[in-house]
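Same chain, two partners: chain A is paired with chain B first, then with chain C.
And then the complex of A and B:
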């Protein structure tokens, strides 16, 4: 199982590198423009963290610590908290929808955010639901990401823009989309 | 004789120079209070670092630490550190510069905790 998890995080890191410019462009529209760079830097350390040995819980924990230390913006503590929650949950169950539910809960707690605030949570929550129903596909993930476009931001720097945040994809939702594409691609969505 | 304050001050900012600058300002009025800054990322970029904050928190000799921060994501990292550290980390949701300044000056003057909190109250930001 641990190999699939490592593959998942490897693919995620590769996507973050590949889409670095696009993520920063999204963030320039409604934030401070650093999401691509921050996540790419985190991705380098995330990859390094995969060299350490350990079970699935340890892999998630090492990845969390890498993102916490190296991603300077809000996405560091948000992704870090989510991965710490996955680390804990993976020690209790193999049920992937429970893992993602724990991750979403951690993001909501850390960011004091809820569904509809135009954050990464607006991808994590519907992904969790689709996963529980056994209906998660790449197309659905893209749709969840695209749906953040019509939302008005209520958290983070984007919220200062008010109505002008409408019409833009949330960068954290987009990077979470990459996370879940990698999840499916690596076959990490089942034990 | 001045009693050693049991509370230290931690300044968390996205920019190293802001942390250093506020620290310098506070030292003007609070030479005997332990004040530390954890500002910027580890490569001194803009942002905050869980590791840097955690190291600063661990290095205090005082049993209690009052933390002041500049932006929301600094607070997220502080929250994470406070959930994982053994130290008594008290995050102050007040204006960064003025809040930390008032607290430092009053700690230096051995003001009571109640009186410091009542001075900080109008500086609350959320």
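And then the complex of A and C:
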């Protein structure tokens, strides 16, 4: 199982590198323009963290520490919190939808955000639901990300723009989209 | 940009080394973390820790020492330290009685400090915290993250630091912190923006004779731009806004901090204070404690802020006067 999890995070890191410029462009429209660079920097340390040995819980914990120490801003603590929650949950159950639910809860708690605030949570929550129903596909993930376009930001720097944030994809939602594409691609969605 | 430095990206590390050395043995640092801590920590007492982006010196590292902070965490310039840095500080200074965190209200700082708190608690360390939001310039609204934390944070450090020195428990400290924060309010005026070393140009532009009320300590927009005024007129604007926020009455006791923002000379800070004092006295306020100096700066920003702390409890005044040995108090 641990190999699939490592594969998942490797693919995620590769996506973050590949889409670095695009993520920063999305962030320039409604934030401070550094999401792509920050996540790409985190991706390097994320890959390094996978060299350490350990079970699934340890892999998630090491990945969390890498992101929260290297990404900075709000994304570091948000992804870090989510992965720490996954680390804890993976020690209790193999049920992937429970893992993602724990991750989403940690993001909501850390960011004091809820569904519809135009944040990464707007991808995590519907992904979790689809996963529980056994209906998660790549197309659905893209649709969840695209749906953040019509939302008005209520958290983070984008919230200062209010109505002007409508019409832009949330960069955190987009990077979370890459996380879940990698999740399916690595076959990490089942034990 | 003219600055005394080597390379912009080394600025924080080299500053940390300088601060530790200037502590003449009282201070140590944890390499590669930006953490500065007291080399001798009192046993069986709560450890007070603060931190934030660098560029506000002497906040926070200048207040590490006997009677105030056990440790300060220096982030990059105007950028919150990350959870692992803060977590290292917590582990370093905990003496078994818990660690109390003073956080300025910025979403990055709050998230990173809370994350560090979770990590430390997972290790069995008791951690409590308070978020300081003393800047009355920007009002609360649905779409902002509340008021900013600025120079009033120094009073929170001093009052809680004395509590820690007295041997107060972490739960009692939390109660004190929750009472003092709503009683501290600050408002500032900027004459010139700060230049972040790695950016190389001022964060915003003000004309030669232009000033802005309510600018944040990272150059965030204030509430009004005007042409330069006399010290007396600046004091009238700032004191009237504070009066409105406190709704004060004659006979109430206050502590005052006149805080330079980095590039404003002490001469101007004292001139401003004598103008502000007249206004406060006219309203019948009793000023029991006065501090004038550049304690929470914004690199080379020109301007100053006025902080008032309503002394609801006589013990807070004792705490402000509590003997301390730090670089900057």
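One rule holds for everything that comes next: the second predicted complex is superposed on the first by the 191 of 191 C-alpha atoms of A that agree within 3 Å, B and C clash if a C-alpha of one lies under 4 Å from a C-alpha of the other, contacts with A are read in each partner's own complex, and residues count from 1 in each chain.
One rule holds for everything that comes next: a contact is a pair of C-beta atoms (placed from the backbone, for glycine too) under 8 Å apart; a residue touches a chain by one contact, two chains touch by 3 or more.
Predicted model, so just to flag it, every value in this text is computed and none were measured.
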Under the superposition described at the top, does placing chain B and chain C together on chain A give a clash or a fit?
clash
Touching partner for A:110 - first (chain B), second (chain C), both, neither:
both
Just checking: does A:171 make contact with chain B only, chain C only, both, or neither of them? Give me first, second, both or neither.
neither
Determine, under the contact definition given at the top, whether A:73 touches first (chain B), second (chain C), both, or neither.
both
Now for A:154: first (chain B), second (chain C), both, or neither, which partner does it touch?
second
Partner chain in contact with A:162 - chain B first, chain C second, else both or neither:
second
Touching partner for A:81 - first (chain B), second (chain C), both, neither:
both
Using the touch definition from the top, say if A:126 reaches chain B (first), chain C (second), both or neither.
neither
So, does A:38 touch the first partner chain B, the second partner chain C, both, or neither?
first
Would you find which stretch of chain C runs into chain B in the superposed arrangement, from 189-197, 225-233 or 315-323?
315-323
Taking the two structures together, which residues of chain A meet both chain B and chain C?
65, 68-70, 72-74, 76-78, 80-81, 110-111, 156
Residues of chain B that touch chain A when the two form their complex:
14, 40-42, 45-51, 72-73, 76-77, 79-80
What residues of chain C sit close enough to touch chain A in their complex?
79-80, 82-85, 107-108, 111-112, 114-115, 118, 142-144
Okay, in this complex, where on chain A does chain C touch?
65, 68-70, 72-74, 76-78, 80-81, 84, 110-111, 154, 156, 159-160, 162
Can you list the residues on chain A that touch chain B in the complex?
34, 38, 65, 68-74, 76-78, 80-81, 110-111, 156
